[in-house]
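So, here come the structures, one by one.
Okay, so chain A shows up in both of these, paired with chain B first and chain C after.
== the complex of A and B ==
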């Protein structure tokens, strides 16, 4: 999948209470100009129109089970995670996304 | 509608033996604020043991699991500062923002926290200030706080 084709990113979390909310808000701010929608949802209810799922590495398996047809990108740290930085760059500049 | 972050839920001189102790103290502060049932504390510990809520810059945001949401009465936050630091799976945590949420009331404050953590100067002030009102001011969405 090419970053330019992404219209909707879902940040998944167990409860949708904590870091997913923070990551979604900072991604939303960063990608506003790129016209990309960013939502946060519990990992068990990833919406069907998501183009890509971002979640903490500890939830990766649950996200892949919940949305088997979607690329899942996992991060270890909320601040400055290289996987998230690569995703942002691919969305802004285009380029293949390694899921 | 109660305050999302009450001044009485901000404690700047907390001390904790370890991570679980810090999470329990956050949970008890939320329960004391009337935001959750006592059982929510266990939901917070369960979450912490599965996936750490450390978010960087010496800050962790303990909160419950999806199942624990049923024990939340209303959206609320607490801030506990640990001047002596708390070992958090190898990271050093100086500040916890505890969260009880069943709706989206806390989202704007967390968005503000995200912006603070991306700005090392403001993150440092949040960790180091001895003024509870400044903590509330820093976290207030769309407040007067503008990064220099």
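== the complex of A and C ==
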């Protein structure tokens, strides 16, 4: 999947109210000019129109269960994680994203 | 490259299963936290021992916790199972356990709400194919009405009394722990569960419903503070700030603000997962905090959610300041001291940066500098961290 094809990123956390909101708002700021929608949801109800799912590694298994057909990107730290940084770069500049 | 983005499913199936169950429980409570806080604020202000005692406004307190809050939970639980129709029968069914038990019925609502919705889902699946054109609305409305009514009656008759006993039993268990000064031991379970992302399940699925039952009786509950105390996390982060691996230190101040002021505890979990032994610092801090809350007979009027210091300030009852703040402070101090010792007061911090700079990819930003530490430290951390709840 190419970063340029991403239209909608879903950030998931346990309740969809805490950490996912925080990360989604910082992604939204970073990707403001890229024309990408960033949403936050509980990990059990990832919407069908998501192009890619971002969640903490500790919730990775649940994200893959709840959205088996979506590429899931997992990260370890909430601030400045390399996986998230690579995603942002791929969305901005194009380039392959692992699925 | 692609594999690096999505490593194999992490954690055992059991862990994900428990998380999922807990997620369902918490998912019924968390969207309704605003209503709980409204109740908490009204209670803190207008009850006879409150800030602005007012008999007239105080009449809001009882019906809100007896009817509104459980029904909201049942409604939300029903919606999770079967959309708007599930929500409606979930609410109706919850009315049954509320009337059948006469105590705040959160546990009952968490059971019958989704159950009624599931029943309706099955009924819908069976009947909808067999409904003649033009009769859909009639059939839909009456199946929902019949299922909701039936589960409500069943709730009054059967579920309510049983769940009342269970809730009482759990409450007695907690009282027993408090009476025998064993409540601080709860941290041994709570803190490891937290960093494995069971924080919402533990707090909103288990502790908060018991806490609200207690708060309805006594005006405050210590149970709201067992999991949500921001002290232990603050102590761990401070220990990282001063003694952690140098490459990680720059990210800590922002994490402290998000954790302690913003109340998003998830931000500190990775710091513990990277160095699993720090869970001992969180446990020690949590236990010290609970011991302080017990010694000072502290409690909050409602669940502080998120677990931010501001939520604590807003939900501390009149005359309850000292115990609550002392508990947070002592929890932070103890977990900082233990955390600092576990980090060797910085003696272990020197090796990391060399590895980090050597492995760091081209980027020179702070984020890039952290990468290898985070990527290398965390998977190992997860493996050592996961067995801990089973041991505990």
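The rule is simple: the second predicted complex is superposed on the first by the 99 of 99 C-alpha atoms of A that agree within 3 Å, B and C clash if a C-alpha of one lies under 4 Å from a C-alpha of the other, contacts with A are read in each partner's own complex, and residues count from 1 in each chain.
Going forward, a residue touches a chain if its C-beta (ideal position, glycine included) is under 8 Å from a C-beta of that chain, and two chains touch if they have at least 3 such contacts.
For clarity, every value in this text was computed on a predicted model and none was experimentally measured.
After superposition onto chain A, the partners chain B and chain C occupy overlapping space and clash. Set against each other, chain B and chain C touch different numbers of residues in chain A, with C touching more.
Applying the stated contact rule after C-alpha superposition, one finds that A:44 touches each of chain B and chain C. Contacts of A:86 after superposition: chain C is touched, whereas chain B is not reached. Residue contacts after overlaying the shared chain place A:73 against chain C, while chain B stays out of touching range. By the touch criterion defined above, A:34 lies against neither chain B nor chain C after alignment on the C-alpha atoms of chain A. Touch criterion met: A:97 reaches chain C, while chain B stays clear of it. Contact with chain C, but none with chain B, is seen for A:64 once the two complexes are overlaid on the shared chain. Once chain A of one complex is fitted onto chain A of the other, the partner contacts of A:26 are limited to chain B, with no touch recorded for chain C. With the shared chain A as the reference for superposition, chain B clashes with chain C in the stretch 311-319, and the other listed options (59-67, 131-139, 149-157 or 311-319) are free of clashes. Within chain A, the residues touching chain B in one complex and chain C in the other are 14-15, 17-19, 22, 42, 44, 56, 58-59, 77-80. Residues of chain A that touch chain B in their complex: 14-19, 21-23, 25-26, 29, 42, 44, 56, 58-59, 77-80.
Those residues of chain B whose C-beta lies close enough to touch chain A in the complex are 47, 50-57, 61, 63-66, 68-69, 99, 101, 106-107, 110-111, 113-115, 117-118. Of all residues in chain A, only 13-15, 17-19, 22, 42-44, 56-62, 64-65, 71-74, 76-83, 85-86, 96-99 touch chain C in the complex they form.
Contacts from chain C toward chain A in the complex involve residues 1-7, 9-11, 13, 15-16, 19-20, 23-24, 26-27, 30-31, 196-197, 199-201, 204, 251, 254-255, 258, 262-267, 269-271, 273-274, 306, 365-368, 370-371, 374-375, 378, 382.
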